[in-house]
């Protein structure tokens, strides 16, 4: 409880520092926020339920295209309404991919998720009348938030909008993972047979979590659509899915904090090194990943948390 | 009293091997049955079959008058048919307290709650701690399961089954791996179970079996070769030869 | 009818190329239980070495293949000692992180040393001919790849299922501590298996280069393809991998012929259908 | 003062080679023309987008504008990346010089867009005429299934049918196609006398051309037509023998015989390091820099996007590719398109040999869209 | 290999940061039978795992037949003649019974597998089954048989009777007795059923919170009611 209050304060503090320290970089910070929602949602299914997936961007993309199409084709340009559309689209996409992905385990499961993201990508490419195909969906012009705050070139409104969204999502998710439902999910990750022997439904629980995860990812997608005003096929790509997974593992699975830290670290690092050396930055990112596995095998947050846990126990 | 748990003509083949061969067995509320038999006789398979973890080739399972043969394992658990595992199956990263709370919440149909916390539910926490205390592992309530010794894990395994308040309880070697000093706890916990609960226990520790059982069923090569009182079983020549060995002598002398 | 045969030949050839390139991954993933996303990177290293040997040094093809396999193994040995050894038995996601990191580094280094252009491996005259099958022609190289695929499948199957080393390897993977307690030198077993897997990757990279040309991004470009065929087959099973490659090769080829614009749909729907029916893969090893 | 130019392109990832060519073209121009215009020093800031990613493109462009304070946005290899950044231009008062992205519509998205590369329509239309005039009447079109591929198909079809030929079948294949044998079988079965193909430059072109030869299509006398993306110079060493004799139409060949081009190639080859890696994006970038320099001259270094763009409308100059003009209305480049054939030079290397010139081609794509 | 002695001096060990064993010293002469007893979680399994080289050792010495082995890895210890049957039945689940046994053979010829089948005929019936498909008791038989096939000079048995039918237990204890008596093996045994352990062993050590709390002969232990109650928590032996 108190830890979560601290968590929220830390996010808010970071957000403020980011706002004042990098006033010219808010577009990047907003993008980080949107991706953070994706990675949080991935943590729900991977970290808490043990579902390996390389197709999670399908949920993010569903949210992005949902919100984008609502705005570009149906004139739903109120940002809150767009967000709602994104959340619902994401949840539906989560439900569908949940049903498919949960059919198998381990590597075959991974493959199912890969198939889903490719199918989604291909479908969006084909439906170019709706999605703009490979040229991207343009013409998204969100209204001012509550009619008051216009989306500006500096991206201030988008940033604040994103941070508020992130904090709300984070608080809700922390509550969910601490609840009996969250405990059940963790149980399923460790031993589904045991969970069944307790009379709980494994499949039903996981599908529920997948839908929640979809809603969160969809919110991230919608935020991306609102703040950048374009939606491209990349938001439904294998690459984005894989990157999200890398960010999650980098930060540490199964705590939500790790998801946030992983996203910030990865994207910030990538931005810095790719600006410093646009030609060879991939090598440096690779080295970072290797270093993390070698020196912080449970991810950045996970390893620090484990260290303090050990310290705490010695102290006792 | 009428049977609460009734198995008819159960049959299971693995490849060409009949692991369960036309087994029929029935228990009334309050029964205390021991299922014994040589290694590989099909005891664990029997439990897996009746709990729905594997599908039988033929036969029926009835629970409280309802045919549950077609139901999945979770449905059977919800109807009161609960088992423990021969090899512990626990959530290695969770604490005993969490294990038992989860089982209690599940029993009460509250495990799907998303906007609540089990720690804030006094009824659940009290019950969980009482149960852990009864099995003598209350002091470990907050440790991760991966860090506690095997014998204690066995006790938690039993606590989980009890937390579900079953009508029919199937225990697969509950005392295996539990040191002699702690078997008493298990016995006590079983003895304290509600009187109308039907319990079937698989065990190779004959002292425990004979203290516990009112009725002994012997399974060999997938078939029931004996069903009767504990006293009679030590006198049965086939059982002695296939299973008990000199233990039977020790016991009949004592 | 002729078309059907013709498509059949293409399907067989394509499936075999997939098999040769990805079978090494089946060894690392199924037997060593390492989700080795850097498999393609090793295949690529093999390709670069072969290209350098055959094109720039002008060595004979067979010799180039040999050098590529040995060279890639030599490069892989320190990587195994320093990095892979740390992730044996770790959670899959940790392995994903490490091997993606390795892939990024290898891509970066390859890009730096060899530049971003395509590298070809000149094949000998005999392999460059077109061979007539009566109803159509195929390149001799494709037939060569099919033969390689069969030889690799047979050899590897024997190695894993029939030799003492294979048994020890599988034991070490199931339970390394127990295998060690029985006197199996698990580190040696792992190192050797890794070398075999990497050697196969290099071999596949070289002989498959006609279809999947060598360039720095190779390591990531085909990662999904490798992952899919190995997992659909059931990691660790040679017959499974072979079946998966032939099946997916056939589906892909037929799909591309019958309705090229929906080729991708066709392929991935088929993948979902197969996994739906065989949730452990075509020949998944029981865990 | 320092005037900053932000260049967005694929500098890593699968298209790193094309990004490298951007940089080579820019470096070459600055090496030959100095890095100052008047009193102003030009500084280039590169931002990497490995694959098409409009959201990232917009974020980076925005960052370049608000954080780095660039006065010009340039580069843009992929159409969606260019499209995504256009809504920023007006508010940011920044012109955009597109150095590659080849979909016709980009210039219509904002009055501040100028393009110095080509459009797929522009390069794919003349080959239709070449095909028909060469006696091929029935053609099958095979393109990669994405924006430029669809453009190429439409352009070829329009041109070919106008000339009087028939496109018997139009196939769109997924971008990730490794084995082209089944496609070749389709081509064979279609009964066409020739094939028109469009694939993005890179590894797949190699597979396609090889499959064309190995499956006996070349021997069967089926003609092969394509725009020049397919035989870009940096792929030629790999294509080698297989590409010999392929005819393509394009706006630029590294082998183009002119003094301007010699100068350019020398400087660009030095910039890129390995001359064999030089390809068409370099010339788009080189001319893009020319346009930017002219804009800076015209505005005296002040930030005034409208004035800058106005200044280059109708601008003509001698580019390494030949004479070019910025069309005042569309702000797209009018240029010669060449028919080329892959040939083997004396030193054993392969090159695109120009054999016919279509002078002063505009962009038919814009007209077609109307 | 003939039986060898096992000497331990000042051994402390544990898992990661947690120390479980403190200053353990004892000696089992060649061909002897030693029972290690103690209540739940007192470190019996940890002691065996440490001898087999599978935990973190903080200090102390282990000598097998006079040679120090604390510095070498698990596999080398096994090759030097240390056999270890762990408490959790560690069969190789994806290997068949026969392949499981094969791994235990070390350098012996394949035909030696028959020895295991002679010991446990049940295994012969199941030879083509995968390890994961065996019943609990069959897995236990397999784990034990596999280690014995390697002809260790010192055999560590961690609760080898768990889950076995009474007849099998008897036969197995008799077989262990024969192996020790014929001078082929030194046997260390952890067993929950104290009576079985005392019937078998010729010396006993009791562990309490990771330290040796008592050493002596079975007869002495049986007579020492106080020790039995406090250290083993059992109300008396019968």
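Read from first to last, the chains carry the letters A, B, C, D and E; within each, the first residue is number 1.
Everything that follows uses one rule, which is that a contact is a pair of C-beta atoms (placed from the backbone, for glycine too) under 8 Å apart; a residue touches a chain by one contact, two chains touch by 3 or more.
Note that this is a predicted model, so its numbers are computed, not measured.
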item: For chain D, the least number of touch steps when starting out from chain C; value: 1
item: Contact-richer chain pair (by C-beta pairs counted) among C-E and A-D; value: A-D
item: Taking each chain's C-alpha mean as its centre, the one farthest from chain A; value: E
item: Mean-CA-position distance for chain E and chain D (Å); value: 74
item: Between chain B and chain E, centroid-to-centroid distance (C-alpha), Å; value: 29
item: Distance from the mean Cα position of chain B to that of chain A, given in whole angstrom; value: 43
item: Centre-to-centre distance between chain C and chain B (centres being mean Cα positions), rounded to whole Å; value: 48
item: Residues within chain C bordering two or more other chains; value: 111, 264
item: Shared-contact residues (touching 2 or more other chains) in chain D; value: 12-13, 16, 20, 145, 174
item: Where chain B touches two or more other chains at once, by residue number; value: none
item: For the chain C and chain A complex, residues of the former touching the latter; value: 29, 35, 83, 86-87, 90, 92-94, 96-98, 100-109, 111-112, 224, 227-228, 230-232, 235, 264-265, 268-269, 271-272, 275-276, 278-281, 284
item: Footprint of chain E on chain B - complex, ascending; value: 14, 37-45, 86-87, 147-152, 173, 176-182, 204-206, 242-247
item: List of chain E residues in touch with chain C within their complex; value: 52-54, 73-76, 78-79, 84, 86, 90, 92-95, 99-100, 102-104, 106, 130-132, 146-147, 150
item: Interface residues, chain B side, partner chain A - complex; value: 51, 53, 72-74, 77-78, 82-83, 85, 89-94, 98, 101-103, 105-107, 110-118, 160, 164
item: Residue numbers on chain D that touch chain C, as the complex places them; value: 12-14, 16-17, 20, 145, 171-174, 176-179, 181-183, 185-186, 189, 202-203, 206-207, 210, 214-216, 219, 234-235, 237-238, 240, 273-274, 276-277
